[in-house]
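Dumping the structure here so I can ask a few things about it.
Each chain gets a letter, A, B, C and D, in the order it is written, and its residues are counted from 1.
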Amino acid sequence: MSIINPTRRGLLKTGAVAGAGMAMPLVFTGSAGAYMNEPSGGSVVLGFNVPQTGPYADEGADELRAYELAVEHLNGGGDGGMMNTFSSDALKGNGILGRKVEFVTGDTQTKSDAARASAKSMIEKDGAVMITGGSSSGVAIAVQGLCQDAGVIFMAGLTHSNDTTGKDKKANGFRHFFNGYMSGAALAPVLEKLYGSDRRAYHLTADYTWGWTQQESIAAATEGKGWETVNNVLTPLATTDFSSYVAPVLNSGADVLVLNHYGGNMVNSLTAAVQFGLRDKQVNGKNFEIVVPLYSRLMARGAGANVKGIFGSTNWHWSLTDEGSKAFVKSFGTKYGFPPSQAAHTVYCQTLLYADACERAGTHNPCGVAEALEGYKFSGLGNGDVEYRAEDHQCFKDVLVVKGKENPTSEFDLLEVVEVTPRSQVEYAVDHPMFAGGALGQCNAG
Amino acid sequence: MFNLAKKDRTLLLIVAGMVLLAPFLLQPFAQGSGMAQFNAGYPDLMQRFVIFGILAIGFNILFGLTGYLSFGHAAFLGVGSYSAVWMFKLLSMNVIPAILLAIVVSGLFALLIGYISLRRSGIYFSILTLAFAQMSFNIAYSVLTPLTNGETGLQLALDDVRILDGMNTNGTLPSTNLLPPSLVNGFEMRDTYHLEIGSWLFQFNTGYYLSAIIMLISFYIALRIFRSPFGLMLRAVKTNQTRLNYTGINTRPYTLAAFVISGMYAGLAGGLLASMDPLAGAERMQWTASGEIVLMTILGGAGTLIGPVIGAGFIKYFENIFSKINDTVLHGWFGWLPDGMEDAVVWFVHIFVGKGWHLTLGGLFMLVVIFLPGGLVEGGQRIMNLFKRKKSDGAGTDKQHHPKSTPHVAE
Amino acid sequence: MGILEVKNVSKRFGGLQALDDVNLDIQENTIHAIIGPNGAGKSTLLNCFVGKLIPDTGSVIFDGHSLLGVKPHKINQLGVSRVFQTPEIFTELTVFENVMIPCFAKRDGAFRMHAIESVGSETDIIEKAELMLLDVNMQDKKDMHAGSLSRGDKRRLEMAMCLAQDPKLLLLDEPTAGMARADTNNTIDLLKQIKEQRNITLAIIEHDMHVVFSLAERISVLAQGTVIVEDIPDNIKGHPKVREAYLGEAQV
Amino acid sequence: MDIILLQLLNGLDKGSAYALIALGLTLIFGTLGVVNFAHGAIFMIGAFTAVTFSKILSFSFVTLDPTQKNFLGEPLEVKTAYIVHWFGESTGNGLIDWAVPLAILFSIPVMLFVGYAMERGLIKHFYHRPHADQILVTFGLAIVLQEIIKYFFGANPIQTPAPDMFRGSFDFGVLIGYAENAIIYPYWRLVYFVFAGLVIGGVFAFLRYTTFGMVVRAGMADRETVGLLGINIDKRFTIMFGIAAAVAGVAGVMYTPINSPNYHMGMDFLVLSFVVVVVGGMGSLPGAVLAGFLLGILESFASMNQVKVYFPGIDQIIIYLVAIIILLARPRGLMGRAGVMEE
């Protein structure tokens, strides 16, 4: 063993090291692991990197709840949740590969810098073999890049930008969430059916990467149904009062307003649009309509009654009645007292899927895990039959078209599922121009 | 040695000792023990300590000496990072050209902003710098995305040109290095040597040591500036510009020089950040980031040499360590308590850690500034004085109390 | 030809004619006092000498250089120093540092990027600063915080700072204002001593007639923004115009 | 032309919000000489008094409705607000509907107290401390306040709608001969504009025509002299701090229907309000108001597509760009006094 021998492995757990340490008080350890942070003791560490401060802190908190639930189920606690409905039976409730699952948490602050720092500390300090979580595309792409470099698996949380599995895709990263293109593909037929094919759309778009890719996707999909895109106005992220963007809409000849906003932006722009009375107006002889392509139930609460009757898409909703969703809602709801959000569902699935892939591959080695996930087909985790496409690591599944509920029965009951758009309708070719550029590269085991 | 007064030499040696031994000093708790959560001796955080130390040292040259409060210093950090990453993308993965470019570009940027902003003083100056930095951030986040990659931040890609290194073909991204791996192995920034002693594990990281040495050089230069006639003039600017003008001194070039130097320090820090982790996010330029620099400096002790470094370490420690304490960890700590009490204690502590780390930090800001007006350094001095007095009492000598002649340059 | 020539200087502030066609000629190596009742325009005139104000009309020539529109630091570098009514010193620096700064300004000019040298290694500056403190008898206070000095000491420090530059013209704005009689006499002695030891011109604005008549070699009387009389002290005493200007204000 | 008028209206409305926040901030600057980084947090707390008040109004008891199921398939818990139960459907729901305007009555005493407590408990110890210390301590306070709000209300925005009768918008264009829908403006924003005008006018009248106000104005100009006159200026300044807090607070209350309050809205407004105050000129109340309207209007114009076509992203930077130009052209902002916070 050479004295100077660069290694990138993580920590060994106390017990194992103590003995060796006593015998040899001064040792430069060699590359003991075959891959980054290879677990050596009776446990394996996962890193849950979610926003705990900043505007998406509540989504982060919901993600953390789901992660804790997933860990509980993996270690054999609780009612097992979706492990019972999952089509794979590799998971036995005895941890992953017989190792007890432990986890560390961190705060992304919804800043790519802070998220990477947090993920690095999980890898360097805590010896995490897998990083997951997040609530924005910028962060997801940044952390995905880091995990690729460091040689651990990244299971992206809530990220909707086409780029995550498009030009910024990475061999070590997988996305369970749907994307802008899928939102467009799912929404466009429903919108056509509802509002007709002769519509003129005015887009307000958050002025950053996610907003642009979603706008591009929605415009393309609706134009495919005969709609015309009258205008696309970019709004600064920091905008809180959207009145000056909403005011000119009515007089522009448009009869549909598409809000490519998320989070606080979405709440405020929708509130402004409703306040201006847009939905009570008639333009071109038709009722004026508003569309919010990406809905989050947690965020929709902030817009209150303004969401009533407004269409959008979402990745998953607790009111789904398939066995998997029901099992998940039951175990989450029993534990925490309220239904899970789509973010919670996504990260729960990802944790299970990672564990399952490890079991099937028989290793935590990221290359082995990635191979087990690539092209993997499964069901029983909600959203019907699902596939992780090998070529870009995007997950393909049914997409929900939802609308704001007219008569909610509780504070959680804000959206109703209008249509479950089948997977086949939202699929696209690997080399679709909206996803062009970039390459997965080689999987990296550190 | 180093052409320094004895007191400064001692200070420099202490700082050097602490920085070089940081992998030991920051790792006081055994792995797997409950307290291991508080260990900070892993490469990323240690790098951050010294890099933000450089940033704060530089900021202090402007604010601590001249009293000009720049509220837009993060812009230089961001510009430095972007320059460095572009260097990695276009030229080579070697960190030297990247860091040099970062310093030059941020220096030029500082010259431009400083030249305009220094036409005003006081809060008007602060707002001008804030406005420039916010414009930089907003544009970098949106319109300049082709240059900055906006929301995600500029990062390396497989199809980067990298003229000197040649196109990479094996499907993995190269990592930043000091010497090309083709020549010497072990000079990549992420190379880490692990040392185990008993159940303690210490990590020695190439990137950290490079940053640490650069930080020591920066500290030394700052020390020289503080003790130089130039530094004296800057302190004079802070206390009385009118007199300085009527003493035949043109204050503008002095303040501009201080502004550019401190901008270059920020650029250096930005370049180093990018060298350790080749991603440059736009948030680095946001006003909150500028505010953080101000807070680091005041918290540690503005105008003192070591204060800003301590302040930087303090804030980064909270950001990275306290935010990671979750309920599972808490239950681990308080598991020995009776059940009901355990839950109560965990519930209470929970408010201040994990997602509540901001609360703790905000509260500590208030406590420090209320009880230690001179920042953390004053706290240290008080403890030292207590210690000294006890010692001198014991010896029975009435040690002459030196008048606190220059609190600004006190260590 | 004097060292400072003021010709036809006028200055208006809104509706107030602060200076009205002032002419003044201060001879080299003299002590020249400018007196006048409150509001006569003494301070305005002084501000025109140091670059703080620019006269509306007229000219101010110092040693052959026009001072109009020249920045204060450049005027100072030409050899004009000023002592303020309320001492302007660097309160947060030590006494010694206070004196070093003008020494640097004298040696290095308005700007020099000497950022790496140590102050401690500038032996010529240190020597000179020590000397200046000796001159004003403050060497025992050199490590004190200038802000903690007594008012009298602050004045003496400011004087030392001005003298450290070896100015050709030293402007003093009420150098004894608010001083006790003993301190005033000390100041008078100090100023006399300075005058004797150096090749320097002193221009003093003063209220205290005791000081004026103990020191001045020539006196200009300013009233309502214009010089009404200029003469040697003996002729000023009892001059009817001066009496008129000061009517009831002071014993002349 | 109609779009310019439309954006002018928008700008006036935005500007009135900016002016209201800046007014409170500059009152504190001007009277107390304190750089108050917690002012945004006060605005945020004001908004949350509206949230709290509407929560109090809709305080409910729970009955189980076995005919409906909740998400776990158990009988649905139906909430009925006590005031609906007591006063009947129409009065009860009417009160809840009017929660935001009514919350002003609730907010004023609360905010006066918050301001009083802040000044007595913390700020007063910092009058003679350097501005840097003031920044640090008030920034710390702002973080603590927003984290407390986050602890109780969460991080997501909370819907607090305006009363139903203010739904929809008023068609100005038709009044002055433009086509229908060309210049429309929501009723609530008109209410906000009028409200802001009243508050601003009230503050000015108070400072101008009351003895109290005159003393405070004199104190703003020269604190020491006023103190020498034997007037207890400190007590008045405490009251001024309370008033500044109340102004920010009611601005926050009325703003909630426009911008669903969240815990970090204070920080979002902090930088902007500082820019407004400084552009207006330190220590000048009319300056702050003027700058608020000016920046609001320019921001609205910059968001027009017709402008953005030529200057992409201009709306991202307009405020800062204007601030720089004004500060370079006028050293002390629009109406600032010499010597205030110039060191």
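Everything that follows uses one rule, which is that a residue touches a chain if its C-beta (ideal position, glycine included) is under 8 Å from a C-beta of that chain, and two chains touch if they have at least 3 such contacts.
Just so you know, these numbers come straight off a predicted model, no measurement behind them.
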item	value
Set of chains adjacent to chain A and to chain B	D
Remotest chain, chain C as reference, centres from CA atoms	A
Central subunit by CA centre of mass proxy	B
Between chain C and chain D, centroid-to-centroid distance (C-alpha), Å	52
Chain centre separation (chain A, chain D; CA means) in Å	35
Distance between the centres, which are taken as Cα means, of chain C and chain A, whole angstrom	74
Overlap residues in chain C, where contacts from two or more other chains coincide	none
Interface hub residues of chain A, defined as touching at least two other chains	57, 61, 207, 234, 236, 238
Set of chain B residues in contact with two or more other chains	138, 141-143, 358
Pairs of chains found to touch, sorted by chain label	A-B, A-D, B-C, B-D
Chain B residues touching chain A - in the complex, by the definition given at the top	30-33, 39, 42-45, 48, 138, 141-143, 145, 149-153, 155-159, 170-173, 175, 185-186, 188, 190-201, 203, 277, 279, 281, 283-284, 319-320, 323-324, 326, 328, 354-355, 357-358
Residues on chain C engaged by chain B in the complex (per definition of touch)	50, 71-74, 76-77, 81-82, 88-94, 97, 100-102, 104-106, 108-122, 125, 143-145, 161, 165
Contact set on chain B toward chain C in their complex	3-5, 221, 224-225, 227-233, 235-236, 238-240, 242-251, 253-254, 257, 261, 403-408
Chain B-facing residues of chain A, complex	4-9, 11-15, 17-18, 20-22, 25-29, 52-53, 57, 60-61, 64, 68, 103-107, 111-114, 116-118, 120-121, 124-125, 136-138, 141-142, 145-146, 148-149, 163, 168, 171, 207-210, 234, 236-238, 438-442, 444
Contacting residues of chain D [partner chain A, same complex]	2-3, 6-7, 9-11, 13-14, 17, 68, 70-72, 76-78, 150, 154-159, 161-162, 167-169, 179, 181-182, 184-186, 188-189, 257-260, 262, 264-265, 268-269, 299-300, 303-305, 308, 313, 315-316
